[in-house]
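Structures follow.
Both complexes shown next keep chain A, but they swap its partner, so chain B is in the first and chain C is in the second.
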Partner chain A sequence: MTHKRNVKIASVVAFLAIVFIAVPAAISASGRIDLYYTLTSVALLSIGSAGVWLTFYIGRINIGQGAYALMGGYVSAVLVMNHGWSFWPTLPVAGLFCAAASVLIGLPILRLRGVYFAMVTLTLTEVARLLALALPITNGAKGIVSIPLPGALSIFGLTVIPDFAVLQNSRLAFYLLAVTVMVVCFAVMYRLVNSRIGKLCQSLQQNEELASSIGVNIAYLRVIAYAVSSFFGGVSGAIFAAISQSIYPSSFTVTDSVNFMLNCFLGGLGYVFGPMLGTLVLYFGWDLLFQTGQFQLLIYSGLMIVLMLVLPNGLLSLAEMTRKKG
Partner chain B sequence: MAEMLEVSGLTKRFGGLVAVNNVSFSVREKEILSVIGPNGAGKSTLFKLISSFLRPTTGEVRLKGERISGLAPHIAARRGVVRTFQETTIFKNMSVRDNVVIAHHLRSKASLFGFFLGTGTAKADEAAFGASADEILELLGLSSLAEETARNLPHGHLRALGIAIGLATDPSILLLDEPFAGMNHDETMRMVAMVRRLRERGLTILLVEHDMPAVMRISDRIVVLNFGQKIAEGTPSEIQADDKVIEAYLGSEDEAIGL
Partner chain C sequence: MEQVIANGLYLGAQYALIALGLTLIFALMNVLNFAHGQMYVLGGFITYTVYGQLGLPFVVALLASGVTLAVIGALMEKFLFRTVIRRSHREESTMLLAAATAFFFDAVILLLFGEKQRGVPKIVKGVFNDAGIIMPYDRMVVGALAIVFIAAFVLYMQYSRVGRAMRALAQDRVAAQLMGVRVDRYSMIGFAMGAMLAGVVGGLLVTITGVNSGIGGPISIKAFLMVMIGGAGVVGGAIAGGFILGMMESVGLTVLREYGDVTYLVIFAALMVFLSIRPNGLMGKPWG
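Let's turn to the complex of A and B:
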């Protein structure tokens, strides 16, 4: 028991050391500054994917995370541009806004299961895009551009985070921001899944009727899980808008929603850290295949199909298999 | 004896079909009452109405005087009316023990957020649920299978697990839908003894069953349904001598009611 605990603590420390120290050191040594942008994207996408993973955990196929990422991006952008907010408070507000919206949307649609829920969420992304085109506040197809970089954040006069605009290396700053938020999100997920709440979610996934017969308020639990999921989507979208300093109706599309879901599949639906690994592999895999030109999509899809067939429980099931053999 | 559950004028229509038609009866405290009837008589529907899985078209169900029909299933469960399912229904990808532990959920004193934070109350809940789960598994002879994944259990044990899940909610009245289905004679006899033991522990039991010898052996009283209507009510010997009941079962098998 204590041995297991020590292994856990060691892995967490190693992981933190890699993302916060080793990666920045390696990048500055190699001079590949562009990798910051790539890894920042991976971190943000994995936050969105984590949300999708949580809806999978209650037995729902969610292909609508793009809608909440888009919504989060716009909420942050509008608050900064139209209302003069600093970026920092818009981050939790964007998350909460998406969570609240998802409660209203989720109450009716979470009654659906299987492909029906999947289809409705797929449509959701398209609805979000059309709304962004049509609403006056989102400025139509022109989007919201020239969003200022996040300013300084001070608490009690103490500057906790410096103004990104005056930093020499704002890419590093964004990387650290994205990775920090990612670590917090996955810590929350880990705790959720390993507490009683995780077991309750599993009970929903496996049999909702039985769950309600033992007194579980299934409608409430579904909505809570979906709200947390959408919160993650909103937060990742808000940081995206801040990094690209812009947001358009096409910033998150149906393709992104599908990718959020694929990241979860690839990493493994049974593992909390599945979406993180899945996002990393998928993102870099797609980039590596760039050399193959017109065959990129073909090879990529082919590989995905093969992987699903060979490893239906995701990449992380590989680790479990080797551990069992060893 | 005090009345535990009161079913009055209960009716359920599915379109043109009247699955349960103006049924009334009551269940006394610590009684084992069986509901029997041919296939499609409305027995499962009656159970779903009592446990609030379905909303009655008319009529109501009261538990110790308080209305419990037409609510949500999880609320009926919290008031103390819990059903097991006709089909074996379990959380198949959880361990046997986890199935029973999670079924204690409605006894939680901690909130969901409390569980997230791992507060003292949450830890106390977890410990109490674990201990109670072990006791229930012991009672149902499932202790040796506690760590097994539920879907790997043999049929007889699956039924027992279904009952263990029901017991974990600490109900005032437990509704068992065909608990002996698919069991051989020995398994059935063991389960009959099991259900008796539950009653001795203070539980009131309502059960639907097709296995007539078992029903006659286990029941204090029997309610007979046919085409949604109650056609008889009485002790096992009264039911065995009832003309209407014999008629309802005739054409299927004579020995079906143990004659």
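Let's turn to the complex of A and C:
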């Protein structure tokens, strides 16, 4: 038991060392600064995917994460631009706003299951886009542009985070920000899944009626899970808006929602860290295929189909398979 | 007013035909076919090529669209979906496959046909103008054809041997298998028929709205809406859902015109409320 625990701690430390020290060192050594942007995107998308994964955990197929990412981005952008807020407080506010919205939306729609829930959440993404186009506060199709970079954050006069605008290397700063948020999110997820609530959520995935019959408050649990999921979506959207310094109704579309879901599938639905791996592989795969030009989408989707045929239970199921054989 | 109803009926007939294919595939395989809109686009482009480019009769073009898509659907079922359903722990994995095939079709369509909007010459010239209704003849022909196809499909499902087998399969896969229905074979036929319907509608509509490679996704979403309204996996529900959506779109575009482009927003909002009251749609089985 202690051995297992030691392995776990060691792998967490190794992971932290890689993302916080080894990756920046490697990038500055090789001079490929553009990689920061790619990795930042991966980190942010995997936060959103983590949310989707959590809804999978309660047995719901969520194709609506794009809606919350868009919502979070707009909340942050509107607060910064129209109300003169600093970026930092808008981050949790965007998350909480999305969580609150998801409770309102989730109460009716979480009663749906299977494909019905999937289809409703898919249309939710479209609703978000159309709302962003129609509402006056979102500035329609023109979007909100030239959002200032995150300013300094100080607690008791002590500067914790420097002003991003004066930094020489704001890409590194954004990378660190995104990775930190990602690590926190996955820590929360891991804790949640391995807690009593996590076990209860798993019972929802298997059989809601049975769970409810032995006294599990299923309505409450699924709303909570959905709210956490949307919180993640909102946070990732808010940081995205800050990085690109703009947000449009088309910033997160149905394709993005589908991609959030695909990241989870690819990594494996049975594994907490599945969404992270799935995002990394999908995003890098897409980026690498850029050189193939017009055949990019063809090769990408072709590979995805092949992958699905060979490993229908996700990449991380590979480890399980070798363990079984060996 | 008459104009609005006529438009709604015409749209509804098209939509119902799209939704029928989607719901058939769902009923038989429990697969949500994300690529349905792309199949529609492919059907449209095939008709464009055969009728618009090669100059063959429209009927031949429509036939070509239907047959090609049927073959593609059958192959997809046999080599992709059947394999994944067998190997995967969770049924939802087919969704990833369906989404991947949707991307794949998008890419193929883009490579083969480019990104331009394509149209074909009208099949029938002239405009019907009487009793306050203005409707081009070609729309009427296409609408009528769609209704004929729907009727043929319903009759086929109801009275033919294949249709009976597929209905049995949709009701209870295991029981059907025990009664000697060849499950694999009829799943394949069902998938092929669903794909064929998508191709045929694409071929029909290319004569009116034209086709371009980007409309696959939006068409899929509309098809999902109709299936949700009517209830997934039910033939009657798909037809009802199609006509309801067509009517709502037609009415919405007239009534809400002064508020800008909000028709679909209103439809989505109404759908959310509706689904919270009736989670299975009008006629859906509990939990699809």
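Convention: the second predicted complex is superposed on the first by the 322 of 326 C-alpha atoms of A that agree within 3 Å, B and C clash if a C-alpha of one lies under 4 Å from a C-alpha of the other, contacts with A are read in each partner's own complex, and residues count from 1 in each chain.
The rule we apply is simple: contacts are C-beta pairs under 8 Å (C-beta built on N, C-alpha and C of every residue); 3 or more make two chains touch, one makes a residue touch a chain.
What you are looking at is a predicted structure, and each value in this text was computed from that prediction instead of being measured.
In the superposition on chain A, contact of A:212 is made with chain B only, not with chain C.
Of the two partner chains, chain B is the only one touched by A:224; chain C is not.
Of the two partner chains, chain C is the only one that A:269 touches; chain B does not reach it.
Among chain B and chain C, the chain that touches a larger number of residues in chain A is C.
Of the two partner chains, chain C is the only one that A:61 touches; chain B does not reach it. Of the two partner chains, chain B is the only one that A:197 touches; chain C does not reach it.
By the touch criterion defined above, A:300 lies against chain C but remains apart from chain B after alignment on the C-alpha atoms of chain A.
Residue contacts after overlaying the shared chain place A:111 against chain C, while chain B stays out of touching range.
Shared contact residues of chain A with chain B and chain C: none.
Across the complex, chain C meets chain A through its residues 26, 32, 34, 80, 83-84, 87-90, 92-93, 95-97, 99-101, 103-104, 106-108, 110-111, 217, 221, 224-225, 227-228, 232, 260-262, 264-265, 268-269, 271-273, 275-276, 279-281, 284, 287-288. For chain A in complex with chain C, the touching residues are 56, 61, 105, 108-109, 111-116, 118-120, 122-123, 126-127, 130-131, 133-134, 254-255, 258, 261-262, 265-266, 269-270, 294-298, 300-302, 304-305, 308-309, 312-313. On the chain A side of its complex with chain B, the touching residues are 191-192, 195-197, 199-200, 202-203, 206-207, 209-210, 212-218, 221, 224. If you check the complex, the residues on chain B that touch chain A are 51, 53, 72-74, 77-78, 82-85, 89-94, 98, 101-103, 105-106, 108, 110, 112, 115-116, 118, 122, 125-126, 165-166, 168-169.
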